[in-house]
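You will see two complexes here that share chain A, one where it goes with chain B and one where it goes with chain C.
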Partner chain A sequence: MSLLEVKNLSKSYNNFTLQDVSFSLPKGYVMGYVGQNGAGKTTTINLITGLSQAAHGMCTIDGICYQDNPRKYKEMIGFIGDESYLPQECKVSDIRFILKSMYTSFQLEYFNQMIQKWELPENQKIVSFSRGMKVKLMFASALARNTRLLILDEATNGLDPVMRAEILELLQNYIEDGEHSIFFSTHMLNDLEQIADYIAFIDHGQILLNKPKDDLLESYVLVRGDSLDLTPTMKQKLIGITSGEFNFEALLDSDETMGFDSRFVMEKPTIDQIMIHQIKNGGAAHACN
Partner chain B sequence: MKILISNQSELPIYAQIREQLKEQILNGQLPSGTVLPSIRKLAKEVGVSVITTTRAYNDLEEEGFIASMQGKGSVVLSTENKILKEQYLMRIEDGLLTAVETAKRIHMTEPELHALITDLWKETLL
Partner chain C sequence: MRAIKFTIIDMLRCKITLFILLVFSVIAFFFIRESLFFGFLYLCFGGIIASIQPFAQEQQAESGFINMLPATKGDRILGRYLFGLFLLLFSMVLASLVAIVYGVIHPASHENWSLLIIGFLGGGLIMISLQYLLFYVLGKMKSQQFQGFIMMLPGFIFFFGINFLMEEYRELVPAIAAWISSHMNLFVLLLLLAGFVTFGVCSFVSTLIANRRDSL
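Coming up: the complex of A and B.
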């Protein structure tokens, strides 16, 4: 059963249109939301969290939409953003007070444990915190509540590898019982790629691809070679070809490798490479005039 | 139980997990009756996605190595020698196929390749 259900979300700004975005995330799973800067990741997230209103479409968490019960809806979401949305002039003690009065499910003891574990100073203004400290505080705030869905908006950008590993472990603990899900957006996939069950690509405000990660990785091979070795039929099969002086690189459907013999180098693509070549191939541009 | 994931491997991660478990089942390190960790526990411990470990377990179940039992989790089934041989035969075929293709690329003849194999066979006997 799906925890997060997004249906035909649309929203227009001056220079940007989010168009008919739909996907669903089952209970107990992780979805990575991937796209270039300005592709519409944060717009989608703002619509999910209820921060902005969609022109069309709807989204539900555990069957409830924001309008049904804003308080319950918001209590189910834990949000961690790329820049601290925590008030800069506050201290940890202020945050504790705010969370306690805002959320019925706030677990004070758990929050204190995390603050202690991460050695976050009680009486220092957040503005003086390092990036890592801010992220830790956001995680402590989100995880100390009884949420169902964690939404991470570029949350692990700029973290050191040790911290990132620690976060990965926290996230995997979060979903282990099969009742909680995670939705994360990123433009640097290797961050959280390893734990993602589903990958959705967004480009120019439209969903380009949405698949289980393992299927996605198996759908394509990355091929490099000399353009002179390509017959016209072979060339037609290539997706998003980039040519250099000495070679070309492109994606190829895994079932279409006929004719690509030992003159070519074939390897497993990374998700980043799939994204680059899909976008190179036109992405959603054809639908955006 | 031991699972080592390599990002350099040609095999996708679910296949690496599947093959490593299979090997440990076949060589007796995971004897029949062993209860495997849950799909979610394994995903967490190995640091991969739940779908990945689900797929590994599904494959093993399909191939008759494990069975999922209600309320108990996944349990290792007993294996016969037949399967063991089949598995290894496939691996040998794979290796030889690579050797044959590589030999052809440098226009090596069939007898030359045979001779090479014979030499290697003797070498590893020492």
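Coming up: the complex of A and C.
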């Protein structure tokens, strides 16, 4: 059963339009949401969280939409952004007080444990925290509640590898019981390779791809070779070709490898390479939903 | 109830304004010329200026925390209006202390300052409610400097406007003051009533406006 259901979400700004974005995220899974800067990732997140109002479409979490019950809807979401959204003039004690008074499911002891474990100073204003400390506090604030859906918007950017690994472990624990899900928008595609179950690509406000990660990785092969060896029929099959003086690199549908013989090198692509060839190099025409 | 929680959040974030108002109360002594009226006017001005603090502090990034708290936009907005009311009450408490201390220093003074304070509470509430409504109508502006200027405007218009009018129509002031004195109870009651009506209407309209907008 889907925890997050997004149907035909649309929203227009002066120079950007999000068009008919639809996807669903089952309980107990992680969806990676990938796209270039300005592709529409944050707009989608703002619509899911209810911070923005969609022109069309709807979004439900565990069957409840924002308009039906904004309080319950927000209780179910844990949101962690790319920059610190915590009030800068507050201290950890202020944040604890706010969370305790606003959220019925706030677990004080668990929050205190995380604050102690991460050695976050109680009496220092958040404005003086380092990026890592701010991220830790955001995670402590979100994880110390009984949320159903964790939404991460570039949350692991700028963290050191040790901290990143720790956060990824926390996220794995979060979905372990099969009742929670994570919607993870990031540029750190290595993180997604580790924990994502589904990958959705967005470009120019439209979903280009939405597949289980393993299916996605098996759907394509990365082809390299001499440009002179390519016939016009072969060229037609290639997705997002990048050509050097003599060599080329492109993505190829796994079912379309016929004709690409030993003159070409074929290997399994990473999500990064799929994204680059699908989006940056004009692979949109080959996109499948 | 949730609105009050937002009021407390605003208080947590704007602790410094309470100290600033304490400074205002000291300066208020210098504004007491022939009447306590000018000292109270200055403290009321302080309350109005201090009440813009949560708007001035709000940053877009914060929408991920404050605007994601489990509450409606109406709760959030009413909480903000209640914060304005709280600051005004606080500045009027300080005004009372100023009047008491002034009375001790100048025992000959026999002004009925308690009604004057209630009158200022009503007038200040009208001003704060109107300025909050203005901020919600304008929304977030691209230029922070311009936004800061706009935010200070209502308080300055209130303070310097009243001072200007009292100077400009100096000869009419005694007659007006005498009329108000003779109808003081009714005048103060109406002003307070008008303050709370403006408070209710402005917070309601602000919620209607916010419900049509994104919370970013």
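Just a few scattered comments:
The working rule: the second predicted complex is superposed on the first by the 280 of 289 C-alpha atoms of A that agree within 3 Å, B and C clash if a C-alpha of one lies under 4 Å from a C-alpha of the other, contacts with A are read in each partner's own complex, and residues count from 1 in each chain.
Here is the rule we use: a contact is a pair of C-beta atoms (placed from the backbone, for glycine too) under 8 Å apart; a residue touches a chain by one contact, two chains touch by 3 or more.
Just so you know, these numbers come straight off a predicted model, no measurement behind them.
In this superposed model built on chain A, chain B and chain C occupy separate space and fit side by side.
Contact with chain B, but none with chain C, is seen for A:Glu218 once the two complexes are overlaid on the shared chain.
Touched residues of chain A, counted separately for chain B and chain C, are more numerous for C.
Contacts of A:Leu86 after superposition: chain C is touched, whereas chain B is not reached. In the superposed pair of complexes, A:Ser101 makes contact with chain C only, with no contact to chain B. When the two complexes are overlaid on their common chain A, residue A:Asn15 makes contact with neither chain B nor chain C. Once the two complexes are overlaid on the shared chain, A:Thr231 sits clear of chain B and of chain C alike. By the touch criterion defined above, A:Gly178 lies against chain B but remains apart from chain C after alignment on the C-alpha atoms of chain A.
In the superposed model, A:Leu168 lies in contact with chain B only, and not with chain C. Of the two partner chains placed by superposition, only chain B is touched by A:Ala196; chain C is not. Superposed on chain A, the gap between chain B and chain C at their nearest CA atoms measures out to 27 angstrom in whole units.
In the superposition on chain A, none of the residues of chain A is touched both by chain B in one structure and by chain C in the other. Those residues of chain A whose C-beta lies close enough to touch chain C in the complex are 46, 49-53, 70-72, 74-75, 77, 79-81, 83-90, 94, 97-98, 101-103, 141.
The part of chain A that touches chain B in the complex is made up of residues 28-30, 168-169, 172-173, 175-178, 194-198, 212-214, 217-218, 262, 268. The residues of chain C lying in touch with chain A in their complex are 2, 5, 8-9, 12-13, 57, 59, 61-72, 214-216. Chain B makes touch with chain A in their complex at residues 10, 12-14, 40-41, 43-44, 47-52, 55, 101, 105.
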